[in-house]
Each structure stands twice: as C-alpha cells, then as structure tokens.
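What follows is a set of structures to go through.
Both complexes shown next keep chain A, but they swap its partner, so chain B is in the first and chain C is in the second.
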Partner chain A sequence: MPQTWNLALAGHLLRRTTFGFTSAQLQQALADGPAKTINRLLAVPPDQVAFEQSVAALIPPEATSQDSGQVWLYRMRNSPYPLLEKATLFWYNFFGVAGSRVPQPGLMEQHITLLRKHALGRFDQMLLAVAQDPAALLANGPPPLVDREAFSGVTVLRGEYHFDPARHRGNLSPEDAVRKTLSEPATAQTVVRRVGRWLLADATPPASLTEAFAHDYDIGKLIAGILRSDQFLDGYRQDIKSPLEFALNLAIPLGVTLPPAELQADLSALGQRIPDPPSRDGWPGGRRWLNHYTIVGRSHLAADIIAKAEHPPDRQTLLNTLIQNDAPREVLQSLAQLDGNELAKAIANLPEFQLS
Partner chain B sequence: MAVFGRLNAILLFCALAAAAQPSPTADQWLPEGAVYAFRVEQPGALLDLAASLKIPEMLLANPTDPGFQRLVEMLSKRAGTDYTGLIRQFTGGGVTYVLYPGDASVIVFDTQNPQLLDVLQQFVKAVAGTPVVSPASAKKPSIFYQEYPGDVVVWSLDGKQVFARTGNRLILTNQGETMKVLFAPRAHGSLAASPLYAQARQAAGAHPAAWGFINMAMLNRYPPAQKALANNDLFDIVFNGPLKQSLRGANWVSLGLSIEGRKLRLHAATDGKLDATGFGAIALPAEPGILPNLSVPRELAAATFWRDLGQFYGLKDTLFPEKTSGGILAENFLEIFFTGRDLNQEVFSRLEPQVRLIVARQQYDPKIGTPVEQYPAAALVFRVKPAPDKEDFGEVLEEAWQKAVGLTNFTRGQQALPGVLLDRETYGGVTFTYGAFSTRSQKDRAHLPSNFNYRPAIVRDGPYIILSTTDGLARDLIDAVNHEDSRQPARQSDTHTLVEVNSPAEIAALLNVNRSGMIRQSVLSKGQKPEQAALEFDRNVAWLDKLARARLSMTGNQADLDLELK
Partner chain C sequence: MTRRTFLAASSFLARAAAQTAVKPDRDGAILVVLQLAGGNDGLNTVIPYEDDLYGRARTTLRLTGNQVQKIGSGLGFHPELRGMARLFNEGRLSVVQGVGYPNMHRDHIIGMQSWQTASPSPQERTGWLGRVADRYADADRGNVPVAFVGRIPAPMAIHSREAIVPTIREANDWALSAGIDPGIDARRDTALAEFVAHTSVTAFSSGHRMAGVIKSSRTPDYPDLPLAQSFHTVAQLIRADLGLRIFLVEQGGASPGEFDNHANQAGNHAVSLRELSQSVAAFCDDLAHDRLLDRVLLMTFSEFGRTVTENGRHGTGHGAAAPVFLAGGRVKGGLIGQHPSLADLDNDALKPHTDFRSVYATALEAWLGIPAAPILGPGFTPIDAIA
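Here is the complex of A and B:
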C-alpha cells in the first residue's frame, strides 16, 4: 500500500473485510498499520471457539432456511472473526444456493456450515464438498464451474444425494468432475476475478495472484494478496454497500443489537433476503442495490437502527467511525450543528456512507 | 440545562407556597389528565407476600443492574437495615405511578422514614459535588443538584431523569419539563378529583392493596390503541371481540388488587358495555350457561367460552363490513369442506354455543419415540345440538376433518415432507379416527423431528365432538366427557369466558424441556445474547414456580383474575 496509512484507509480495509467496526477497532487498525491489521483479520481469534460453541446452541434441530438465515445474521453481527463470515457470505453468493429452493430442514444450515469450513481454506476442497452437497444439488444441480455434462450422473431425491456410476455409464465421479474443472485455466481466473470484485470493486487483481491460485487454490492467501496489493486502494468507495453492510455498518459502531428475525425482514424489503439470492448467480449487487424505493427504505432502516442506540458516541467519534471524517468540506460543514442520533441519521443518508 | 434554569424560578415560588399546605396524598397532589395510573395503597401487605414467597432473594440472586444493586446496598448500610427493610421504609407510605400524554411519567414514593431520604440526598449531593477528573468523560456536565427554601430539593444525575424531594416524598420524572408542571401553579384540578379517576377508584373496592386506572376515553382517541382494539381476524373476533368491544366503548378501566392470605385477586371493571346486537349477541351468556372446564391428566390450561358461532356467522357481514380476499378464501374453503352446506344453518348453528379448549403436556409412547422439541397437545371440544332432521352432524364434521387432513398431507407432499396415515381405534367404547406419521425411516427415536408432536384426532362421543392435535389427549378427553356426561355438573349463567391454570408446575416442566429452543428463539427474535436470554428464561420459570393456581373469569363488563400462590 503505497499511500500513507490514515483513518480513511484503515476504514476502507475494515469496511471491505468486516460487517462493521467500532471506534476502538478503527483506532487499533490505524495504530497497527496495514500489515499487522491484515494479519489480525486473517488469523483465528482466541475467542472463536467459545463463540462457535455459543452459536451452536442457537441452531434448531430442524433448521429451516429462514432459521439458518437468522442464526447467520446473529453471527455476522457478533462474530469475533468477521472476515470468516464475510468470506462465507461471498462464497454463498458465488454458489447462489437459494433457501427457497431447499425446503428440507437442515440442508441450508449444512450448506452454510460447509462454506464456512472452507471459506478461507482450499478452493479445490470446497468445490468438491459443494459438488456433493445436497442443498447445492437440490437448488442448482452441480455447482458453477463444474462441468455439468460430466456431472449428469448426479440425482437428488428428497434431500438425499445419489451417485451411481454403474447406472450412469460414461459419467465422471464428483472427484473426477471437480479435478477436470480445476484443470481448466478459466476456473482460477473466474474465482480470482470474483474475489477481486468483492475486495477491489472495479479494479483487477494482479496476474501473479491468479497464477499462484491456480497452483495451490489457497483462498486465504489469495485474499491476503489482494488486500496487500496496490490495487486494493483503487477500490476506495467504488462500490455500493449491500443492505446487509449498510445495516451492520451502522449498528455495530452504535452498539445496537439487532434482533436477527427483524433484520432478516428489513433486509428482504431492501432486496437482500438472507439466505435467498434471486438466482444461482447470486445478488447482482453494485448499482442494482439502489432505486427510488430502496433509497427511502434504507433511510427508514437507518432511523430504526439509530433509534435503538442507547448511548450514541460523541460527535467526533461518529464522524470518524461512520465516514472516517472523509467528506467534502461543505458536507462536513452542514453537519456542524448536529449531534447524537440526529448526526448519525444525517451521516447514514450521505453518499459517503452508502459507498463501500 | 435550560429546563433546570426554569425549574429554579418555579420551584422557588411554589415550594414556599406549598410548604404551608397540609400534605395531600399523591393522587390529590398530582394533576389530572393521566393516561393511566397505578397506586400501591398497602405496600406492607404486598411486601409481606413478596417476602413469604422469597421474591427479594430471587431478584437479588441475579441482579439486572449491578450499579443499582450497589446503590441499594450502600443505602441499606447507611440506613441500618437490609434490602427488604429498605424497600419497606422507602415505600411504606405508598407508591404512585402515573403516565401523562407525551410519554411523561411520574413516580411518587411516600416514605415512612424521612432519614432514608436524607441519606439519599446526602449521597447525591456528594456525587454532584465531585469534580470531573477523567478527560474521557469530560462532556457537558449533566449533573444538577439544587436545594430550595421550603424543604424542596431537585437533582438529576444524567440530565434525563429528574428527582425532587419534599418532606417524606420522593418524586421521579423522566422529563425535566414534567417536574416543572408538577410544581407550577394549577389551573385545573387534581388527579383524584377527576370524575373518570374517581369512578374507577370506586370500582376498585374499598381497600385494595393496589389499584390501577386506565383512561380509555383518552386512549380510544390514540391511533395505536385504536389499532390494538380493532378486530383483526376470525380468531380474534370470536375470542377477543367481546372484550375489545367493551373497551372501545369505555371511558375508564379499573384494576383493583386485593390480598387474602396467599391469594391475589385482580378485579377488572369498566363502564364499557357489550352491545347486544353486536358481539354481545354471540358472547353474552344465555340459559343454560356454560359448563365448567374439562379436566385431563398433565393439564396445562383449560378454557371455556360462551360463543354462539351460528349467531356469529349470521352477523358476519355486520362484523366484517370489509370483505377481504382472505375472508372470502376461508369461506370458500369451509364450503368445500362441508360439501356446499349452508354454513350458518347447517353447520355452525348445529353446535351448542360453548367452545372449550384444553391444553395438556404430552406423554410420548416409547414405541414411537420423543421429539427433540416438545409441544403441548391441544383440543377443542364442542357439543352438538339435537338435530331436528335426525342427521348425524358428527359424521359431517368427520368428513370435513378428513378433507382438511388430506389437504394438509397434499401441501406437505408438495414440499417433500411426509404426511400422516389415517387409522381408527376404539377407546372407552368410542371408535375414533386419528392420523400418525410413520416412524419407519426414523433412526434416532429419542430425537424425533417436531412433526411427531402431532397425531391429529377427531372423536364423536354422543353429543361431544373432540378435535385434538394428538390421539393421547383425545383418549383423555373421552374419559373426561364421559365423566361429565354422567354427573351433569352445574352451569354458570353469567360468565362468557373462563380460563383456568391448575398446574403451573406442568407448564414449568414443559418449558424446561424446551429450554434451549426457547432461549434460541429469544436470541433470534429479540437479539439478546444467549446468556442474557437464559437468565430471563430462568427468571420467568422461577416466577411460575411461585404460582399454585390461576383463574380468569369474565362477564359482561367485569373480569376477575384469581392467583393462588404457593
């Protein structure tokens, strides 16, 4: 990162890799610098095991996709390992398995758990697991990238996965199909381009990262490489926050606890039902998040979240945490007379806050 | 701080003027115009009851606000008493809570021991006088403390809640402006002198331990209250319609709480009346009156309602002036279930105007297994009127029930979910129909899916029709209705709703079985942390453990809730 590390860049890094951050987390990132912060974001935090144990108790024995979505929203709001959840959401969107197409209880939870297990691990292992995952097969058939023709031996019946090579002569096993898919250069290129779209917006990842990824399929290494690249800063405020990012980017700094069931309904109204992307290509994102209806809806959602803030931070903390005090001078001047919740509401409606 | 500045002038004037007056009761001192009010008139009696139930110990075991607990401990120590003694001295002269429009609330404590207020006042004075030393907290000062002539002291520690002390009285408001109004010269009368409050007070009885007043004349003009009292759906109209109609036409509601040994009685009364041409036509009891509740093993709750469903259906166009697509769909479905019969004359009017509901804990058959999440079984019991045309109406109902089960099976099949298999069984001389899920593919019988909580059943036993969610409860109810039929119990002619909980221990047991599921639900629906939800759950179950029995009975415009405590 050639530019001087400052509050705006620290905010940019945290915005792309977490669902929101407190003032203390932002100041810590500023003090630590980019390298140490990136390492911390990628490392498993010491309280992750305890958090996983507490969340395990929240998953109902016959979790519907709606239940799984709510538990996941709870994780996103409270996880000590936000990059893992953000990467899981990325892969969820990548494979585009809609909960509405998986009515059997438990299967969506299994799918999300599988993605979380591999989200920062090895792509080849994840692809093989998804290729045999009942939820993915029920909703979409063989996953994207995997040769569908080679995979035609797969059948799904009531959530049970069947593959019988003897009855499907000429077809490949899931392992062979995934191996064949990975051998295609387009596979690594596609994955790196999509990860780049998440972390860099419109910028292109360095070619060296694609080459490295085609050899080891190491997702964590790919993400670290992109975050450390010069291109990472080119994406500063070049993307539009999803409704989920918008809500949590506001709730977390304000210390607001959002009931997951309520949040799920609010996000659905803004076009992001968790876990139910509109197609196997996932949510289109970008400019499509915004229209006349969702702009007003976001404003209402922000007002609801801010109304729940019992102890809003002071004026400077709000400006630093929500927009890193980075807005045109006249905009900052227009906020000069505001404080507390009124200031938070005004910031939430600024373009600077809507951008990631 | 501007509010506090204005307070200075007003209090200086008013405190001097008020000091010469004899001390009025809190409701004589507070201004009229309350939305609702609650007065504890015999705090000693309530505290004795709470102490005998060990409620203070229960609350202290898991304090929700450690800071508040430390303050209480400090005050107890300085006052030379314990926690309960402190509350007793603090509230001994009564406690009054009043809410005024604009979300302005006032709490008035009339203490027995003015020295206690001296200790509190000195403590606040010391806090207010402590200089701010931490740069992190160097915000605008929000602490206010001012002593006025005439024994009036006003303070605020957070700039929001404002306290005032005058003699034995401690007043707490949530808005500085409200405190100003309380001490300002009055153009209007007091709360106690307002006619609606006085009528409600009279309805609460001569010496209630505590009583509440709700200003329905005011609330009925408030859109959220209007919405809450509007009738929403069919179920709401049938079961809550009479109560809501009474409240919509009321000016006041009075809630009187009395204590008799270990029994608490909450007597509710209103000046609202049931309209005999509207909901009254379906809910005002007529001869011969309602039968008592049925009783079954492992019962959680039983309820009985005088509801004339035939009359209700006849009035549906009056009660539902707006036809909704949902209502039309429901009507079409009912006509299909009953094969085109006239729903008023040939269906609902065939039932006696009494609906009984029984909820019981399930006993799972070891041969079938136990679900992970255990739901209670519930049943509706009707009695069929003697048919003039000798038609077997029970058979018509059973056919409709089988269509409904078939439709449910069909829709579950669309979602690749298993349906129930219908079977018949003879029990107590009665052959009845039930449906059951197959356990063939279930490997772990100790952790069955939740659909195994349902084994829907329909029973036709003489004039009785039983619609139960489980065959087990259906069998228990066959015993119960046979027993009732043989002894012909007395009916009550004035009650339209009767709800009884005779075994809260069964409810507590069921809640504890589902503890993890309910905590999970709390986390997901309220956003609480799991440990916070667990604490709240355990506290609620502990409250339930204090209850031995509960009974709610409602007549035209009165209701009595009797709580028998352990």
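Here is the complex of A and C:
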C-alpha cells in the first residue's frame, strides 16, 4: 500500500473515525491531508450544540432501552461530530451493558449519556462514573478490571445507586477500588489494546502511547496519537465492517435516511442488537460478523438502502466514495458495464466494501 | 461416551466443517425444536381419561373416553390432535411423559428462561441452542448450524456469545435471485479479503440455491396457520441444504403466549392444539413425501404444565410437569415413562420424573451425535427414544 496520502488512505481514516462519509467529505479530507483532517475530526464542531438540542427533543421522557437505541442510531446517522459517537459506541461495547437486562426506563439513556460525556475525555473519570452507574451495575455488576468484592455493599434501588458501608465486606470502597484499578499497569494496557483493536485492527499501538495514557488517562489524546502513528496505515482493510457500519457507509454517501426502528430491526437480524451486545465482552466482531446468512442479509439490506436513494451519484463518484476505486483490476473491469443503482448494489456485495 | 457416539460426534464436526457448496451432505441429522408459549396444559393434551381424579379436578374442562383420540394405557390425545394421533399410530411420534425439573418455576419469564438457557444460573445470557451455535459454527467458512424461524424477537434459546444465529421470517430472507455478482470471485491479496471473498461466494450460491428451492418445489399441503407456515419455511430451508442442523420454531407468540389459558380454556386450547396438530402433521407428511423425515427429529416444549384443578373461570393456573412430543422418521414411537400420578401432587401440579435436560441430551447425543455435557453441564443421560 502506498504511504503517500491518497484517496484510499483518506477513506481509511474516515471509515475508522465516522459511520460514513459523503463524496464531498472524502474529497475535503484528500485535499486537507491527514494532519488537518485528524484535527477536524477531534474538534467539537460549531453546530454540535444545536444538534444536541435537536436530539434532546427526540428522547421520550421514560425512554426504554430500545427507544434509546433508536435515538442513538439517529445520532450516528446525523451527528456533525461522528468521532464522538463512534467513541461512545466503542466504550459502550467495552463495558458491554445489555439493554435487555436494564428494563427500568431512562437508565440506558443515562448510561449512554454518561459514556458520551467521557468518550473523548478522561478514562479515570469515566471508570468512576460507570462504577456508580445503575444500568451498568444492574446488567453486569462492577465494571471490568475492578475488584468485585469492593462492591459488596452496593445496591441499586429504583434506578439509584446506594453504597452501604455496614453491609460492605471487602477491604476497599468502590471509589478506592477504582483508584487501585487505575494504578495497575494492566488497566492502561488493556484500554490501549482495545482502542488499538478499534482503530488499528491487528496492529499494536506504539508503546509510548500506553505510557502516556497510564499517566493522564486522556482518551482523546490516545486516539489522536494512534491516528497519527505509522501503524494506523497498516490497518487498511484489516477489519470487517459491523452491520451498523455496513448500513451507514451506504446510507450516508447515498443521502438516504433510514427510519431508526427499521434500522434497529435490520441490524439485529445481522447480529448487532443496539443497545444489547451478547455478553459483557461486547460484540465479538471481525470475521464473526460474516456467515452465509448475514452475507445474504447484508445484500438484501444494501438493496433496500440503495432503492431509497433518490439521486444515485455518477459511476466514478460511487466507485470513489464506496471503495475509493481500490479493487483488483479484474474486479473493476467486471463493473465496467454497470451504472446507477445496479453499480451501487454490485459494489456493496464486493469483499472490498465489507472490509474496513 | 461410547465409541459410536464418539464417531457420530466427529462426523458431525467433519460435516459441519466440510459444509460448503461443493458437496451438499444429504444424510445429516436435523433437529427441529418447537416452543409452545404460555404453558401448555399437558393434562388436557395427553389425557388420563379413565382416572377418576382427573374427572373430579376438571369439572368443566374434562374430556371423556368418547371424546379423546385413544392411544392405549388409559390415555388419549385431545380430540383436536387428530393428525398427531395418526402419527402416533404410525410409530412416528412418541410422548415423553412427566417432563420438568426440580422445583419448577411457575413464572412465565423465569420458567421460559429455565427451559431456554438450560442453566440453573439466572445470570446466564446464552441459550442452549446458542451454545451449540458457538461450539459448532465454523467462523472460517461462514457456516452456522442453528436458526430461529418465526416472526417474534429471537427467543433466548438461540442467544449466543459469538456466533450470529439467523432469525428467518420466511425462506425469501435467505434467497438471492441473481447469481454471484461480478467481481466477487476474483483473487484477493490479503488473507482477510480472501476469507470474505470465499465466504461471499458460498453465501451467494446458498442464496441462489434457496431461490431455486422456492421456485421449483411442488406446493405442499400446509394449512394457512402461522405455525404451519413456519414449518413450511423450515422444510424449504432443509431442502436448500444451507448447512443448518437445528431449527427453533414457536407457536403462541411472545410472552406470556397463547397457551396461557387462565379462563375459558376449552375453546382456546382446542384452537391452539388444532393448529399444533395440523401443522406438525403437514410438516411430517411433506418431509416424508421427499424421504426427508428420517433425517428429522421434532421436539416440543413449553415452560410448564397447568394446575390439575381447574379454577372458577373455566381455566387453569401455572403448573409443573407436562409431556414432550418427539416426532420423526426414526423415533421409537409410543409412550415413554409413566403418566405422572394425580394422587401425588406438588401444590396442585403434576410432579416431573424426567428432567428436560435428559430430553435435550437425547436430541443432542442420541440424535445429532454431539456430546451434551459441554452444552447442558454434566449428568444428563439421553433417554431411550431413538430407533
């Protein structure tokens, strides 16, 4: 793979950091180069406040986990700050809180909001907040890495967190346990490895980033460091799109709006119930996303999305935006006779489009 | 484990691994699990019509010797189970009596969860069939052995940790009318891209095969009932040979479900059992027509039976033990185990004498040939039900 900035690498950067991108956004990234693009992805965009206000109106007062999943899907499709949503989804998967185990209204919304608040901020603050988050405790008990015994006096009643020192059996309070967890080198290593799995696929993040993270727990800085590292380019097409990425990587460039409830059902059928990962470890991801059934299902979903596109882009725009025109020559030749929606469907069925 | 089950286990693995479009294996055993939602009244399904205690407890719901489909031993099927009575007489249907587990839960959600997870832990997030999928899905080839066929959210029985278990509403969900799109089949230069290309080729040809089955198959005689339509879909999926070995289907919708008859049970129960019997009979007849019934074992379950005594509203409450039906070309046929005694009840419910996990173990070990212990935990021996 060429190491000079080109369309393929611009696409790679936007795939890892957003849920999908338009032709204009891709061309902008190509023109701006990696440094400027990374800065823009990390910065809070000017229209973020207005967007948050418009989304707040969509959240039902007693939001069920399913409602919260649908509002979240709307954000992922429409947010002007996609890296924030992508990081929120990463942390959601990290803590693995299953909506099906949180029947109380409002709690899942609270959980996702908490993760969003810290998603690009400080991990130590996030871990402490999750350790006292009713949804997380109801679904999974204490968060990963933290001493479970420290939570023996903790109860969750009517969606409220209570710590009763009298019923407590361990040597540490929950706050102490979180602090102790943070002081252990394994914690920073685990977090950096998982963030690396998201952004780099199989490559390993530079050791210097782990050292820095163990001192400041700065998630935004860690992500920026990985995106700017040489290893970042090694992850090119070394991962498989999740059903969510597959759907939005088509819908966004084609300008298609998907009803969130419908999208939620379609993604569930392909193995990604939002917000309901299969275990505390989150979705297994990678090759597990694809089996004979889900590949057929993705093809059906792609056809549905493409059928909703009102103005299909021209040939070259489709090839550039969906696969950055990067496929073996015989594959591109096989597409030469196709145009419009037929071309879009053929591209969506290609392995190059399944890869991320 | 005997040498025979060991060999069967290894051949199941080999078959699962070798399942590609190249050489469809037509001899593989298939399990179909049918969930009856709401707690089916086993006592008015397989009826001890000669037992005075039955007649006295069921003051208005009782069915008499003149009404039931007699199957011997003083027992009769509910009058609406005509098709299933025929299968019983043909030796293609067995009744495992008195199935349950110690201290059965009488709450729909917890009761259903117990049968679906087959785990004593309320924290368990996977279902017993989901664990089979995790163990036998072949991630490198994209093969998945388990599917749910139905229109309700996927029941917990198929919840898995890693494998993605399909929820199929109709055969078209797996069908692709077009052939393999241009360009999928080309060589790729990374291992991951090769994996995606290879899996896509087999996936697209499976979708194409499914479309062929939908187009070409004769129109078998299924009644226009939701359960019958699910079975029709299962039969089409079996014919398309997609590598699926286990199907879960349901009758009665999501919790609490249509078998939950607390009032005016007689008419409602008759309608549900008619749908059950007509659908099971149509499925077995369809498969028998194509000589596929010998490959299939159908097993029913419900979260609990009902109370022996009917309530003041001509209905019944949540009970405990109930019968499980096994149907297929290679079941032993007949009655398995005794009808639970009506003189020895637990809080007005029949006591189980056969653990449902032994019935599951029969389906896994004696039928599919895969060891049951990794799925169900140790200690559940198959019952003698397969010929």
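Note that the second predicted complex is superposed on the first by the 349 of 356 C-alpha atoms of A that agree within 3 Å, B and C clash if a C-alpha of one lies under 4 Å from a C-alpha of the other, contacts with A are read in each partner's own complex, and residues count from 1 in each chain.
To be clear about the criterion, a residue touches a chain if its C-beta (ideal position, glycine included) is under 8 Å from a C-beta of that chain, and two chains touch if they have at least 3 such contacts.
Bear in mind that the values here come from a model prediction, so they are computed numbers and not experimental data.
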Chain C versus chain B on the shared chain A, clash or fit after superposition: clash
Contacts of A:300 with chain B and chain C, given as first, second, both or neither: second
Which of chain B and chain C A:255 touches, first, second, both or neither: neither
Touching partner for A:355 - first (chain B), second (chain C), both, neither: second
Partner chain in contact with A:238 - chain B first, chain C second, else both or neither: second
First (chain B), second (chain C), both or neither touched by A:70: first
Touched partner set for A:54, first chain B, second chain C, both or neither: first
Dominant contact partner of chain A by residue count, chain C or chain B: C
On chain A, the residue positions that both chain B and chain C contact, one per complex: none
Footprint of chain A on chain B - complex, ascending: 139, 372-373, 415-417, 447, 449-450, 516-517, 519-520, 523-530
Contact set on chain A toward chain C in their complex: 98, 237-240, 268-271, 278-279, 281, 284, 287-297, 299-300, 327-328, 330-332, 334-335, 338, 345-346, 349-352, 354-355
Of chain C, residues touching chain A in the complex: 125-126, 137, 139-140, 142-144, 147, 153-154, 159-164, 166-168, 173-176, 181-184, 186-190, 192-193, 195-197, 199-200, 202-204, 206-207, 242-243
Partner chain B, residues of chain A touching it in the complex: 54, 57-62, 67, 70-71, 74, 78, 103-105, 158-159, 257-262, 314
